[in-house]
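Per-chain residue numbering starts at 1, and chain names A, B, C, D and E are given in the order in which the chains are listed.
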Amino acid sequence: MFDWRLILDAIGILIYALIVGFIFMGIERKAMARIQRRIGPPIYQPIIDTLKLLGKKESVSHGFVYNFGPVFALGVSITALLFIPIANFQLFSSNADLIVVAYLLEVPMLGIMLGAMSSGNPYSALGVQRGLLTMVAMQLPYGLAIIALVQHWGTFKLSQLVALQQLQGWSITVPALALAFIVFDIVFQALLGLEPFDIITAPAEISMGPMVEYGGKHAALLFTQHAVQLFAETAFFAVLFFGGASNLLDLFLKQLLVLFIAIFVASIYPRFTIDQAAKFFWKWPTIIGIIAVLLTV
Amino acid sequence: MSVPHIGLYYFGALSLVLVGIYGVLVKKNLLKILISLSIVETGVNLLLISVGYITGRSAPILSEGIGPKQAVDPIPQALVLTAIVIGVATTAMALSVAITLYEKYGTLNIEEIRRLRG
Amino acid sequence: MVSVLKRSLAIITLLIIGYWLAQGLAGVPFGQDRMLVGKYYLENVKAQTGAVNAVTAIVVNYRGFDTLGEVTVLFIASTGVGALLWRRKKRRTAKTEGSVVLRTGSELLFPFILMFGTYIFIHGHLTPGGGFPGGATIATAFLILYMAFVDYEIPHRLFEPLEGLAGMGYVLVGLIGLAIGSYFLFDWIWQTWHWGAANLGRLFSGGFIPIIYTLIGLKVGTELSGIVDSMLTEEVRE
Amino acid sequence: MTLVPEAYVVPLTLFSPLVFGVLAWLFDRDWVRETLGVIGAAVPLTVLSLAYEKASSGTISYTIDTGVFKLHFVLNSLSWYFAFIGALVGIAMAFGLSSTSRRGYDWLFSLMSFTGVMGVFLARDFVSLFLFWELMTFGSFMMVLRRNRHESLKYFVLSVIGAYSMLLAIGMVYAKTGTLDYAMASQTLLLLTKMGGVSKAYVDTIFALFLLAFGVKAGVVPLHVWAPGAYGENDQSYTSFFSGVLSKAGVYGFIITLFVMPSLYGIYFAMGTFHGHLTGTYLIAWAGAVTVVVASFLAVLQEDIRKLLAYSSVGQVGYIILALGVFNGVAVGGAMFHVLSHAMFKGLFWLISAALILRTGKTRFEDFGGLAEKMPVTFAMALIAVLSLAGIPPMAGFASKWLIYEGAIQAHMPLVAGTIFLGSALAFAYVVRFLYAVWFGQRPSDLDDVREAPLPLLVGMTVLAIPNIVFGIAPGLAVRLINRFFNTNITVNSYYSISTPTGTYNALSVTLVLIVGLAIAGLVYIYGANARKIKVTNTYQSGNPVTEEYNLVIRRNFYRPLAEALDFWLKYSWDRFYERLANLSEDFADWLREGFYNGNVQSYSWYLAIILLILAIWGVL
Amino acid sequence: MNGQYASLLVALPLISAFFVPLIKGLGGRAIKYYLTLITALQAGVAAWVFKTVYTTGKPIIVMAGGWRPPVGIDLYIGHFAALFVLIVALVSFFMAIFSFDSVSTEPTDKYAMLFLLLMLGATGMIATGDIFNLFVFMEITSITAYALTAYNKTGEAAEAAMKYIVLGGIGSSFFLIGITLIYGSTGTLNMAQLAQLAGSINPTVIKVGLSLLVFGLAVEAELFPLNAWAPDAYQAAPHPVTAMFSAFVVKAGLYALARLVYLFSHAAGWDFILKLLVIMATLTVFAAEFSALRQRDVKRMIAYSSISQVGLIALALSVGSQLGVQAGVFHMINHAVVKTLLFLTVGYVGVKVGGTGIENFSGLGRKMPLTAFALTVGALAAVGIPLFNIFWSKVWIIIASIEQGYAWEAGVVLAASVVEAVYYLRLIHTMWFGGWDGMRIRESLPLGTIALFLVLLILAIGVYPNPFWTLAKSAGTDIFNVSRYIANVPLMGVGP
């Protein structure tokens, strides 16, 4: 039952996503630097870092679960990616739908946390706690945005969603879904762990949060995971709100657009503390989400 | 709400009963309560007897001269015989209990005899 | 202050209850002939029980069960009083000897009161009165002795068995009725043996009424004097 | 089917646990009691699995005539489904009990509640439902009574209030319809509602009473107060049965009111609609939603492992109630599937906590830590349970939650669906908190000699772990079974893929792609140099060494920020409210007794006079 | 042996009571043996009467003195009376055995007499067919009860007896006024004839008369405001006597109440009386349960619980439907069995451990395991746990009362029985899991066998209630179906 064409597509997309993901990370650092009026590292810097980390002679491990954590995270990110309809390649999206993908996008955090927790380092534990709390906080608005979307289009299948949006215009054009877009965008910041909600890694306070114990190839694994995750989430965002893409270039441009919105927001806002973040998420985004949901019922 | 006109005997017996109940409700001393109880019993017995009376007839002893038509209703008189003895029995029991109470509590005022409550 | 409120409240309640009872009694007008079963009794008392006094006939024969119950009530009273005032060793509470008049008078009158008591309960089926009044008079005889003498006590060893025997006698009469006439408390003397049918209105008539009344008289006499005795004695505290 | 004649199927499933329980209580020798107990729990499982095809196609009915009532039992596909789940968790409990409790007392009452729950599932008329309901409550109550009187009384009072409100409802139904059997009562009730023979208020009261009765047992929020105490203060392996299956009796009750008595459908219609949804079911949906949110928030903030699991169990049952309330095919199918998956992963969780408490003797999170190495098998089981409860795709938990998501959003109940999102995030949070506090981080010194859980307990865990994975990868199996008694419009493409009108979920493909992804990640991992294993205490802590006393760990108050964010809501607690209510009623009782029986003869005779006055006043008027 | 030998039921206890003074000299133990013998004989006679009534299906009419009713007094031993006289006899037999250990105060011969006459009074009340005879037997029961309550000669016992006498005295006097009114208007005292004439009596008289009768009997049957004497009397009386009080003395009062109320069902104002009884019964259950909640003395607690169960029976009887009366009778049987067991065990603990305070019960499970087990079974049965006997009758009573439209009353009763569950389960907890002072007490064999027999009976009725339910059904119809009652009584055509 193996149709080889699908496998080849999947591997091709995977490699493409990997490269584009690293480039997005590079763009992200470059853009932040440019905004802060400094030159910033070249765009392909993350690729070099990962290869350097992989090349290290030997690295430290705290036991099986510590190794299993990052591997699991990367594995799930790859799975999530393969279920999103990337441009004209349907990949596996026929036998899973919006809810499954939304869940798969959140599961990598469990992988990272498994590794962080088993490292026994209190900073990583603090990082885990903050990561979970952010996730809890943003889950309600995230859910409301998705519900509004689904209620409007009436289907969960991503491919069908893309087809409908091709016909009737992007989701943003619909007023109610515009509100959902705003909510989803705020939530998107937290999903990526960017500035206003990057309490998880919080470089200054708890030295990279969960990733504090990671070094060598574990750190490399996490960078690749972050790249794939970045690509998958931007693609998911594009599919949901910008009507997916007919070809890769079209998808790339939309992903860049989403990325730049996130970068601009990230470079402006200072960091929320965790209970401020929770209170914030449960005030404005939830209210807008409820309005969006009630409009589309 | 017409005032019910009842015979003098009924009135007397009924008022005895009411006086007795009044005594039980108001008096504090146990002996007075027991006395008012026996007043109630006498009142009731009187009532029982007066129900059986038929005007113009004599006691139901059917010796010569008094036939079935001239005798009063005998049943209440038979019943009252038993009722009186029951009254005596209750009063005897009550008095012996009062004796023990006085022995144990040293008083007959029912306000103080209240160990068993709640 | 409270007691005045309480008394007035009591009076009001009792007036209402009185009015209500009076309304009920008004339905049973005084002095009218409403006899139903009573009329049957009056018509056949002589034929069926041989007693002239309809009340005693009803008390002993027709409604004998009531009297049996009622004798038990008195028995319970005396046992109850005995149980409650029971002390291991008792002695008379009287302190002062009766006056000369009382002492000699009581000694003289004692036998006559006894005789009068026995007369009442033997002639129960003829004259008014019966076992209970007779027994009461006998008890008063002993009461007088108690009042007269400081150390007089009724012969307990005689009275208690007598009381039991009299009670048992009554029930035995009933059981014999069950055995002979197949009905409990059946008047076998009058109904089956037809004794004393001839001399209606004289002593030897009235079926088993005189026998029962003698038993009741003895029983009541001993019981009431027993009650008097327990009330007039107190515990000997060593 | 020839092995067990049809006539014996129902009585065997019903009464064998109780009989063996009594035997185990009588022959209180060490290994005799355990074997009897396990046999008692195994009989229903074997008999039910043997009677599978007979029950799924037709029905096996059985009647006991006790003179006073005719108790009527039926084993059809619906009751078979619930009874089988009960039996499965029951056998796991039996294995668990054989290692955690050494007392005939526990065996007697656990197996008595087993019989009670079986009776509730198989009952076909109200009186047998009520009888076995009381038996189940009494059995579970006695288990808690031995350990903590206050909690047990709180549990007993609430469940007896539930049971008696059910009796009231039964009485009201009997008064109007004259029969006690489900089917006949429902027909006549439907006719009466149509012909207006019975007033709407009457129907509403019946519904409210049933809702109260089943809500108490299912632990709907205002009535959930007994759950932490009853589940916590108990032999943990029995709690796997208690919270896994007994709460399903409450859910089964909702199903009875919603589906088994079709005419009650009529009742729900008679109750009118509330912008598009039946008021009755809308209420149930919102009750479930509130339960999910409140219970999950409370679960996250707990410090004691048993309390956390108890609140989480209340929350998960809240999901089921919510899905039943949504009342469209997919959601109800999801609810039934969640009944199965909840029983599996919650039972597993409780067995794990039984193992932990048995081995370490500790119950608070701050005393645990770093047990992953010491109890590897239990840790693996814990991972499966965590994945399943959090709803991670390859596990059964995800499949049922996915169906509930689909159903809720399809039925245009947006806010209720929103609560599901919040609930599942909270579930994820408290499950990871459990993982961190118990299994990872620095191990306190007194836990160094902890041994692995005993064998019977491990067997019990595997019995519950396997279905989690099997139904995770092959949800079609369970949905085909559910479709046999409910016409949920979930189409089963094949044993591993199910699809609803609006979405599909191919569990096998997700798992396969996951494995492929892990393989790729593994390759990347192996490509790097091999790693040197170091002790847990050797960590980057900007210089200061990690020692025994100076052991930085945040197991206590793991979610303090969340508690601060919620402090406005945490001021109110249902528990304190009920406590005050109980004291109020006891003081009232004291006042009444002191006031009325005040020992004074005069006041007593005044009472007599008052009664005479009442009679007189009535007579005079 | 024709039916008339049933009169032995009354004659036997009477003649043996009168015989006791003769054997006074033989000492306490001999008298107790004598007492057990007599109660055993009475049980035999009662069993014979039970067999004849239930095999022939026709009630035995004992006509005292050979006179057919209404001329003479008749004992109507129907299905209910036969059943309950047997229960009275059996309970007395058990309590006679129990008296060996528990009654030590001195005049045991007088105790034996009073014991027998209490049994006689209750049997008479149940069997009699004549309202004045009912009054006489009620008085016999009450006066024996006064004597027995005060029997322990302590201050509390005398106080309890005094309260009982004052309230009982008022109650019986008004009962007598009721009889006077009814006799005055009808001219007969026989119940069957009264039932025939009930319709034709002048309405005001029957309204006042019936309410007075009900009032008098309500004092005896412990309905709400009138049962203030009951807890004290139960607590102060010797243990076997308390068991007899709750097992059948109250039942006799309740039966008489039900019999009289249903006799006058054609009279005017009847349904108001029923409504009043229902309200009083519900209040009884409510007040008694709540008063038992924080009791320090277990015997008084169980007394309150017995009063509340009696209230439940009264509710069932006054609901006014055949099903209700049958359920009420079934509850009477169950309640008699359970309360005998409870008072037996609590009394035995009181005797052995010295006092029935709750502290004496802590750790009873290890101190006196058999008694503790019997007490637990009794308590669980009283609460109404399934597989025990009271569960069935309580369910039927609730259904019957709801069917008659008393849903609110049923609700209150259920709320009250939640309270009952609380205090019984607190007792069970203190018994099995309370602190234990280490010493184990040997339990006597005869009492153990009685307790076990009662436990087995409870479980038997609980698991398979059919035989007892058919008994209760026929007994219930016997009370409710007045026309059959009139047909059975061979009335002489007396009167104008």
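Please note the rule applied: a residue touches a chain if its C-beta (ideal position, glycine included) is under 8 Å from a C-beta of that chain, and two chains touch if they have at least 3 such contacts.
All figures in this text were calculated on a predicted structure; none of them were measured in a lab.
Chemist: Using the touch definition from the top, list the chains contacting both subunit B and subunit E.
Modeler: C, D
Chemist: Tell me the fewest steps from subunit C to subunit D, where a step is a jump to a chain it touches.
Modeler: Step count on the best path from subunit C to subunit D: 1.
Chemist: Tell me which chains count as touching both subunit B and subunit C.
Modeler: Output, common partners of subunit B and subunit C: D, E.
Chemist: With contacts counted as defined, which of the two, A-D or B-D, has more C-beta pairs across the interface?
Modeler: Per the contact counts, A-D leads.
Chemist: List the centre-to-centre spacing of subunit C and subunit E in whole Å, with centres computed as mean CA coordinates.
Modeler: 30
Chemist: List the centre-to-centre spacing of subunit A and subunit B in whole Å, with centres computed as mean CA coordinates.
Modeler: Chain centres of subunit A and subunit B, defined by C-alpha means, are spaced 99 Å apart.
Chemist: If you average the CA atoms of subunit A and of subunit E, how far apart do the two points sit, in angstrom?
Modeler: 79
Chemist: Subunit D to subunit E: how many Å between their CA centres?
Modeler: That pair's centroid distance is 45 Å.
Chemist: Considering subunit A alone, which of its residues make contact with at least two other chains?
Modeler: none
Chemist: Provide the list of subunit E residues touching at least two other chains, using ranges where the numbers run on.
Modeler: Residues 132, 136, 139, 143, 146-147, 150, 153, 158, 162-163, 166, 170, 177, 184, 189, 204, 207-208, 212, 231-232, 291 of subunit E touch two or more partner chains.
Chemist: Can you list the subunit B residues in contact with two or more other chains?
Modeler: 17, 21, 24-25, 33, 47, 51, 75, 79, 82, 86, 89-90, 93, 96-97, 100, 113-116, 118 - these are the residues of subunit B that touch more than one other chain.
Chemist: Considering every pair of chains, which are in touch?
Modeler: A-D, B-C, B-D, B-E, C-D, C-E, D-E
Chemist: How about subunit B: which of its residues touch subunit E in the complex?
Modeler: Against subunit E, the touching part of subunit B is residues 17, 20-21, 24, 30, 33-34, 37, 40-41, 43-44, 47-48, 51, 75-76, 79, 82-83, 86, 89-90, 93-94, 96-98, 100-101, 104-105, 113-116, 118.
Chemist: Enumerate the contact residues on subunit B facing subunit C in the complex.
Modeler: 4-11, 14-15, 17-18, 21-22, 25-26, 47, 50-55, 59-64, 68, 71, 73-75, 77-79, 81-82, 84-86, 88-90, 92-93, 95-97, 99-100
Chemist: Can you name the residues of subunit E that touch subunit C in the complex?
Modeler: Per the stated touch rule, the residues are 2, 4-5, 7, 10-11, 14-15, 17-22, 24, 62-67, 70-73, 75, 106-107, 110-111, 113-114, 117, 120, 124, 128, 130, 132-133, 136-137, 139-140, 143-144, 146-147, 150-151, 153, 158, 177, 181, 184-190, 202, 204-205, 207-209, 212, 494-496.
Chemist: Could you list, by residue number, the parts of subunit C that touch subunit E in their complex?
Modeler: 20-21, 23-28, 34-41, 61-66, 68-70, 72-73, 75-77, 79-80, 82-84, 86, 88, 160-161, 163-165, 167-168, 171-172, 174-175, 177-178, 181-187, 191
Chemist: State the interface residues of subunit A toward subunit D in the complex, per the touch definition above.
Modeler: 14, 53-54, 56-63, 65, 67, 70-79, 82-83, 92, 94-100, 103-104, 106-107, 110, 113-114, 117-123, 125-126, 128-129, 132-133, 135-136, 139-140, 142-144, 146-148, 150-151, 154-157, 207, 212-213, 216-218, 220-221, 224-225, 273-275, 278-279, 282, 289-290, 293-294, 296-297
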